[in-house]
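Here the chain labels run A, B, C, D and E in written order, and each chain numbers its own residues starting at 1.
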Amino acid sequence: MTPDLLPSELTAGVLMATSFAVLLTMTLALIRAALGPTVFDRVLALNMFGTKTVLLISVVSFVTGRSDFLDLALLYSLMNFIGMVALLRFTQYNDFGGSVAAPGESETR
Amino acid sequence: MIVLEIASYFFLIAGSIFSVIGGIGLVRLPEFYSRMHGGGITDTMGAGLLIIGLLLLAGPTLTAFKLFVILFFLTVTSPSSCHALAKSAISHGLKPQLDVENDIELPTISGGNPE
Amino acid sequence: MTLESVAGLYNYWVVIFLMMTGFYIVLARKNLIKSVIGLNIFQTSVFLLYITMGKVEGGTAPIVPPAIAAAQAHAAHGSDAGHAATPHVEGAHEVAHAALQHGGELASTTTEIIYSNPLPSVLMLTAIVVGIATTALALALVVRIREDYGTVDEERILELDRGE
Amino acid sequence: MTGFPIIRIITKLLIPYILLFAFYVQFHGDYGPGGGFQAGVIFASGLILYGLVFGLHAIKKVAPPIVIEKCMALGVLIYAGTGVLTMALGGKFLDYSVLEHDVLPHWHVPSGQHLGIFLVELGVGITVTAVMTMIFYAFAGRKQV
Amino acid sequence: MNLIVFALLALLAITAVAIAQLRELWAVIMFTGIYSFLSASWMIILDAPDVAFTEAAVGAGISTVLMLSTMALTGKAEDIPRKSSVVPLFVVIVTGATLVYGTLDMPHFGSPDAPVQVYPDPSFVERSEADMHGLPNVVTALLASYRGYDTLGETTVVLTAGIAVLLILRKNEDEQDDTAPLARNKSS
């Protein structure tokens, strides 16, 4: 480990507390995703879970002192958005290829 | 320097409190549209404050730039997908439960996507 | 079964739990898409097993931190003019030490940086992308099966094959 | 997704950054986490996001299947071609050290290994992007029976 | 740090069980995305950022899209359980117990004397410092240079799988759903 990159004791303590708060939130989101009576509850929980993962990665990269891994957090936020769009498209149109997209056209359903 | 650290502690702790509150709201609130409020709190206040705290901790480096980009992505993507979710829910006929005392005719929120 | 060995082995047990969950899904569920998902979980647990083996206690990721890397490159360019000669491993150590002393604020570290093993990472990295390609192949087969049999249920497909 | 104008706008806003990020991962892969496989997947996800939001015909205009099809093989060709190039220069197959003094002697490439890894990762990236995009086309272009 | 890992592993196990238990397929696919995010987070803590990068991009992005599009093509079939799940459970428990018994002789987690760490001596990190003239990412160096043949093979496998998917799924433009004679009388 590279000692110069590590945060000080107090900072590390605060970062650990923060990461536990984020983990707790992730657990709560997981509970909602498992319970979720409707589709939309689950998708909402998934969205929130993705955001929390981004935060967890950022905080953990500060704890371990390798903050050059923040690229990963960036990627997670992008992938979360793509997954959300795919789920929305699936719940709304239930197909992926259709010609629903041309501006001015009316929707197929 | 120490001021910055204390400020960052403040932001980090505030952000974690907001995310936990939002998480509790997501689990305990009665129906979808109010749960969305809980999700919104964690996605904006929680995430925003946490990343601002980390920004203060990072100082003016490449790390700070990356954090700023992450903040930008989060603030752009998360509320818009929440919006799309709500819109999709309304067009699927999921009606918000309104706690109304009298028997007033409910405002027609559910007619979002007439086809 | 001491506490020490529990602390040393629980990672493997979690991996085995995940692996068995995937296996159970493949065995117990009849839906073909669900089976593919079970295979995916199994696959991911294998990735995790390999990555777990590569971790070294107190190590960091096998990417040289930018500050040290810059110092190292500088030192390397300074010392041996041509790249043609193949330096020995001791040479590399000296370069690393020189880099540590070179990079001003890093001078206080007498301990060397420990890196985790990069080899499992490399193996799994390619395996993930190959895995998604083969998963896509499996899903394509599922789509074709659905088109020909009208169902993705294993038992139903077997019944149709028997001609009922 | 005509029902979601905000998603359309946000997607238009995001896609350049996704593609830029993919290039960053591709060409910065020697220095940080990343490389051809990851960059290919990210680039393909950018294209897939466009396809999801604006429809298959729009993405087929941007990335025509005929071109993408050729790119699938082009990546492997670049990879293997690097190996053949090193053989032609007198080294072993995929032994990048010989690239150092013979190819581009006036350009200040740090070393032959750097150049070789760059070319190889480029090939991997092209193949992975093309294959993922083609798989998406194949799945999305199919109608439900 | 250990506590974070414990919490992550617990979440991972819960997600896996949820995937096994849930009936609605699209919810299962959603949980697969969560599983992928979680395992990628664990990979970062286990010092493999490159793998985490790939896993996050593949598992949460492409894999979700592919599975959802497959579902869109196959219909929202519910996953009906078999009549008896005792036999699979028994098989799984026996296999798992055997594997756990096998781990008892494994080197402990993170031990630097494990065969994995000792065998290529000197390790690739030190070797690449000498060979690669200051290429910081050892994983990339290994992937593209030391194991160049292997990566060429993997790329070819990806290409082959892509071609196979195209061969299976591609239709001509004019040829519309004239396959599937069985499907018609079943689904009607």
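Rule of thumb we're sticking to: contacts are C-beta pairs under 8 Å (C-beta built on N, C-alpha and C of every residue); 3 or more make two chains touch, one makes a residue touch a chain.
Since we're looking at a predicted model, the values are computed, not measured.
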Those chains which touch chain E and also touch chain D: A, C
Most contacted chain pair (by C-beta pair count): C-E
Most distant chain from chain D, judged by the mean position of its C-alpha atoms: B
Inter-chain centre distance, chain B versus chain D - centres from mean C-alpha coordinates, in Å: 34
Gap in Å, rounded to a whole number, between the CA centres of chain B and chain A: 12
Geometric centre distance via CA averages, chain D-chain C, whole Å: 21
Distance between chain centroids, defined by C-alpha means - chain C, chain E (Å): 9
Where chain D touches two or more other chains at once, by residue number: 3-4, 7, 14, 25, 31-35, 37, 41-42, 45, 48, 52, 110-111, 128, 131-132, 135, 138-145
Where chain E touches two or more other chains at once, by residue number: 49-50, 52-54, 57-58, 61-62, 65-66, 69-75, 131, 133-134, 136-137, 139, 143, 151, 158, 161-162, 165, 168-169, 177, 179-180, 183, 187
Per-residue multi-chain contacts in chain B, two or more chains: 73, 77, 81, 84, 88, 91
Interchain contacts (touch definition) - all pairs: A-B, A-C, A-D, A-E, B-D, C-D, C-E, D-E
Contact set on chain A toward chain E in their complex: 16, 19-20, 23, 26-27, 30, 33-34, 36, 39, 42-43, 46, 49-50, 53, 56-57, 60-61, 63-64, 66, 69, 71-72, 75-76, 78-80, 82-83, 86-87, 89-91, 94-96
Sites on chain C touched by chain D in the complex: 61, 63, 66, 69, 73, 83, 125-126, 128-129, 132-133, 136, 139-140, 143, 146-147
Contact set on chain A toward chain D in their complex: 68-69, 71-72, 74-75, 78-79, 81-82, 85-86, 88-89, 92-93, 95-103, 105-107
Touch list for chain B against partner chain A, complex: 5, 9, 12-13, 15-17, 19-20, 22-24, 26-27, 32, 35-36, 39, 42-43, 46-47, 50-51, 53-54, 57-58, 62-63, 66-67, 69-70, 73-74, 77-78, 81-82, 84-85, 88-89, 91-92, 94, 115
Residue ranges of chain D in contact with chain E within the complex: 25, 29-38, 41-42, 44-45, 48, 52, 69, 72-73, 75-76, 79-80, 83, 93-94, 96, 110-111, 113-114, 116-117, 120-121, 123-124, 127-128, 130-132, 134-136, 138-145
